[in-house]
């Protein structure tokens, strides 16, 4: 593999490590953006330039920014970071990490049993992706529309600013 | 067809009495009583008109139900079924009578449940399709559960739950065995059916047969009940209302015994022979252990309940003796135990109505006040200790005589059971009717309705004791005795 | 080095996935948990692309796009829900949201 | 005449008395109760006359088939042969006399009707017992008399002690019945029938003499007989059975029921002859019982208990006779014993009533003057029991046994000595009782004199106790064998090994001497009681023995410790049923599982996520396990 | 897309169109009754759309979807179930939130997700169907925003669903990476051709099972179930219990059949352990639970375990048993939730056992219906549940799964305890002066629905032949 892959992979892992250890959510989010960018590089190297672009634009550019805006909206400042520091005691880490490392170990063990012949990365160019997307997978695209619609309706209903909506009964009694 | 009618009469009467009860409790009771009496008359007419030379199976009735699985609505009657069904209707009618005054709340639902459970029991005795058998087997549990759980005494819910869980557990094992048999039969003959007659003589490996037989046997042992599966019984019998206790002791237990005779032995002859010593041992343990427990009880109904454990041990002993004498004894025991224990429960209920306790320590000297009741108890207590002249003696004697041919040591111990039976039986008389009486107030002795019930039972038990031949002739037709 | 590229890519995805998993396990802040899930989803997406590059088919990349769409929808609904919860509990501590148990 | 009428009449009258307990007047009850037995007796006498006239072997009657199943058949069949006739006559005649007596004795009893119903029922059952043609019907009667015994012992049900005695009687005899039941099973197993005649016929073909099987069967039958007849080791119930009204004691626990064992063994004598070991056992039991019971009778204070122990002792004689093969001697003793023991019991009853239900002999005394009629009949009875030579029936019947216990084929010198010792004891305890009651100072006032209905039966029995002996006289004294001849078709004549008149004389003389010296000792003890005698009796060792004997050799205590208490204790501690604990434990285990698992449903999101991760690890682990390990 | 494609996808397309129209309607004129009516109409139309589709089966729309008897049967089942849930919803929501209209949109969307699951045979459609279902459910579960428990349930479901989706995706990626296929038959063929045991693919299956297991609510992915059942609005809980699980199960069956799952004993082992654990954990947890919603949740965990026993039997009968059981389970669960719905007042849900104490003596018909439902869950004769359980046991015996069956028997007995406890509560005689908290609403529509469900339940219990024949025909295609 390309050294560039290793460098990108290392950056991705390191910055993800930073994400999961930060107390301040803003820092974590920014590290996550770095991680996503590194992953984008990896994606590029695996012959998916279009996906790399989407990763940068949608993931890092849209979703993360949405999160950042949300955090800013809730105005989570220093105290939340302090609280996070209080929660993330070293011993909290031990059991989950152990468990997850076991999981990783098993996963790696199983993946390494792969007996496929070594072959190079095959580049799939964006056109092929497009052809597939609007060819055989057109129904999936339409389903994605429905998926997004569900997301929108759900977010709309849940996110509506709450009015003073007490139940009729409670209204009658309390007022 | 007439068999289906028997079931339908009960079913319709069950619904009708529930509906009618909204208007009139009395009418509801009469409907229940009437339906049972009609059925009783039908069965008796069948019995009287039946000639011994005829085919073993009468009124074979068969309609496809779920042909997909080879399940059919298959009813048939032979001597054993006839006797059991007659007993069912007889005790059923008495149960309605005994509840006449005792049950004054939710009368309609009570009779609905009572008739429904009787319908289920009748179904169990008549069906010749294993799926249908299981169906009825389970169907009778729910109304019985209600009979215990709604109209029972203080710890009724506990008792009802226990009863339900025990019998269900056994039932499910039986379901496994039924299905196992179904597939074994299907695999060997390529005919997939639940029909009893087809499943008879299913060729199978001895190992398979052993396991399948165990499935059936455990279900029936729970119902019979045999030690160590008996612990649901005292609770259920004690807590149930009088009619509930009568149906439980008189009929429900018989379904287990019936199952052993009808299914375990004929379906798995070889495996049954293998297990016989163990089953007989369980029977003997039941006889002695039940008697011992009965001796210690201070609750009248609980005491009677444990005597059931003891008496049903004879059924187990006889069923696995594999000879006709024992077999006839088992049939007799099923009937006479139903009569005598039912009678004792009825009297316990009548007594409870009068003195509002079941605690033997609070009784004593009641003979002065209740000589009629005392005489009745005396008769049935004597029945339960196996006094000749009463039906129980015939049953126990035949069982022991038969089982002696099969296993002598166990029979010796079972015979010792008669001695301990004497101990607990006489204890009843002593604690309840004899001894000093410190009650100042008078108690009403048996009233007309109770007299009718008791006299009917007394007549039957004496009839069975002095002239059991009609019963023996009827059950004789069955050549179940394997080996 | 002669590492199978698919294996290497899958391993990277696996490591990222597990890191997300550790994070979701140790965090109590709901936003952090949502973040961790995003890490995991992203790792899964990466795995698809890696697989796609091995077979040279576009399926994996198409799947990646759908994952992206799903992640977006998920985050939007999730944030709306977190907002509700924040209004009610006045905190983002997931342990506070444990009124139902037993 | 129909033999079936004999038991049916009492049954019918019992039935009528039970149903009419409210409606019937006392007089009607007495008439029905006694009349039925009289009728029955008349029929019995008629049949006996017919029997004697025609010289028939037996009269049989099939009433109906009781049950028939799988090769087993038993009918309600009656058979009257010589043996049955003897028993039937004794039962009906003595029974009638006792009934008449009871009509007076129980006059103040509120449950008059119930009493007579039970008594009639008893007579009916007893008649079935002795007339049964098959062992199952015999067993019916056997258990039926047990039931009536139970009902009548506990007749005064308000006293728990009576109830206890009644239960004890029933349960102890049931132990014997169990053995008998098993004997029945075995007989059916080998002979295929319970028909007595068939069994007796086939037994000789099936078994050679001394065959273990037949020995076992005979021993089991003996077990049944031992229970019913209150012989060692099941004798403990009879003294307690005295809790019942005195006519009951007279009828059931002296004259008839307790001798059912004798009847059974006599009836199945063929089997016993085939099993010499069993026969010897019978004799040994009889010998030991008669001595032990004699000692116990010697030290009782309750008049009825004296009689009870004496009954045990006298039945011991009968068993001894049976064991020696002297069948007719046993039956003869049964007859005379029925007469004089009924007489004694009823006499005692008359005394008891007279003294306002006082049974303690030490509170009686000096009654000779006050109850002269009773005194005389009681004297006759006592003399007969003590076997005063030549004039009493008891002498002839008992002496025959004493002699045959040595000389008969199954006899032994040890038996003879025991029997002689018994004769001494009998004389002692009988007259100790007699003197205690009728001599000495007046301790309790007589407040009620027995009426005619009570006294007339006593007179009749007194006569019978005297003259009945003359139907069977020993070789040495006239050699009358009316009785044994009568029984000859059924019971074989005894085989006497030593037909020596001298020896027989010696034996008779010795026994007569011993009986008389027993009386003398009693007289010395009770009436004269010199200082030395009293001192001797007050010695601590003797006192201990007196207590020990009075408690019936502590058999009660032995059974209590060995059987009753362990059983009661076990059943008490197991009242809640240990098996149930198993299921309760199971239910608790389920509950525990529930609570453990409910804690995992903590409501914490992180915890749920951890569950998912654990699941993931588990799945992959199982995968690796199934693939590689 | 061809005409045949359109007709075959009729129900799906009808519903999708209906959502859009409904959304527009809501945008134009908010009216609860109108949206309700329209949704009912949409369901009915979708149901009608099945009829023309029958003509074209089996019809594949490569690579994503396949419409055959099996999927059409389940489509119908889901639509009927959705229809009934919808019927029961009106009064429930009428009483509660001021904005009810979105509920219907989300319900329709969720149903679409479920329908996609039952027709899909490709990872992509699987994933999208699953996510449509999940994301709609986030909204539905937290729908009653004023209630704290709704939000809590929503966030829990969201987090866990996202997490399990991630596992599912990673697993799919592994499968894809090592087989090169995302369509089920392709994977099956690739596995058969591989010539060696594709361990990495198995790892992928294992991880996918987490996603599937989460939706099915089987151990150890079951922990959300009680909380979500308790917090979600009752009709939604009914939806989750039935449609969501049913659709996933259908998909699992199809997937398992296509990849020839029976060839891989390690998969059998994993599922077997899960099945046994589910039965025990579900029943144990329900044992002394006082909240009826939670009891139903736990019981559904156990019931999934029972279904897995049939699934593991590896015989044709097993699949038939699942299909039949599913029908019975749908009727029973919706019926049980329906009773809780009609029993709930506008103030609070009737969710504790105490609310049902002596119900039989106050509202005999409701109690009878509930009793029938509970007995069906317990598998007592005269109910569909009995035949269902019988069928499962039959399959197990046929497949010689004695150990699993034994576990099933033990668990049936444990399960009986809590069902019968509920029944006992309803039939117990309340002490004088004892008042329940909840005044039941008992709306007419709900009552009628319940009675119809009960009749259906008993009819299936007494005469199951017709349904069995239908299922048998349908399954012949699959195997």
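For reference, chains read A, B, C, D and E in written order, and residue numbers begin at 1 within each chain.
Just so it is clear, a residue touches a chain if its C-beta (ideal position, glycine included) is under 8 Å from a C-beta of that chain, and two chains touch if they have at least 3 such contacts.
In UniProt terms the chains read A = NADH-quinone oxidoreductase subunit J; B = NADH dehydrogenase subunit M; C = NADH-quinone oxidoreductase subunit K; D = NADH dehydrogenase subunit L; E = NADH-quinone oxidoreductase subunit N.
All of these numbers come straight from a predicted model, not from anything done at the bench.
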**Asked** What is the shortest path, in steps, from chain A to chain C when you may only step between chains that touch?
**Response** 1
**Item:** By mean Cα position, the chain sitting nearest the middle
**Value:** B
**Complete:** More Cb-Cb contact pairs, comparing A-D against D-E, go to D-E
**Item:** chain C and chain D: spacing of chain centres that average the CA atoms, whole Å
**Value:** 95
**Approximate Å spacing (C-alpha centroids) for the pair chain B, chain E** = 43
**Item:** Gap in Å, rounded to a whole number, between the CA centres of chain E and chain C
**Value:** 26
**Request:** Return the distance between the CA-based centres of chain B and chain D, expressed in whole Å.
**Result:** 38
**Prompt:** Mind pulling the chain C residues that touch 2 or more other chains?
**Reply:** 6, 10, 14, 20-21, 24-25, 27-28, 33-34, 45, 50, 52, 54-55, 57, 59, 62, 66, 70, 73-74, 77, 81-82, 84, 94, 97-102
**Request:** Name the residues of chain B that each touch 2 or more other chains.
**Result:** none
**Residues of chain D touching at least two other chains** = 598, 601, 603, 605, 609-610, 613-614, 616, 620, 623
**Complete:** Every chain pair meeting the touch definition is listed as A-C, A-D, A-E, B-D, B-E, C-D, C-E, D-E
**Request:** Would you tell me which residues of chain B are touching chain E in their complex?
**Result:** 65-69, 105-106, 131, 134-136, 138-139, 141-142, 145-146, 149-150, 157, 160-161, 164-165, 168-169, 172-173, 175-176, 179-180, 182-183
**Prompt:** What part of chain E is in contact with chain C in the complex they form?
**Reply:** 123-124, 127-128, 131, 135, 138-139, 142, 145, 148-149, 151-156, 158-159, 162-163, 165-166, 169-170, 172-174, 176-178, 180, 182, 226-227, 230-231, 289, 291, 294
**Prompt:** Of all residues in chain D, which touch chain A in the complex?
**Reply:** 610, 613-614, 616-617, 620-621, 623-624
**Residue ranges of chain A touching chain D (in the complex, touch as defined)** = 96, 99-100, 102-103, 106-107, 109-110
**Message:** Which residues of chain C touch chain E once you look at their complex with the stated criterion?
**Reply:** 6, 10, 13-14, 17, 20, 24, 30, 33-34, 37, 40-41, 43-45, 47-48, 50-52, 54-55, 57, 59-60, 62-63, 66-67, 70, 73-74, 77-78, 81-82, 84-85, 88-89, 94, 97-102
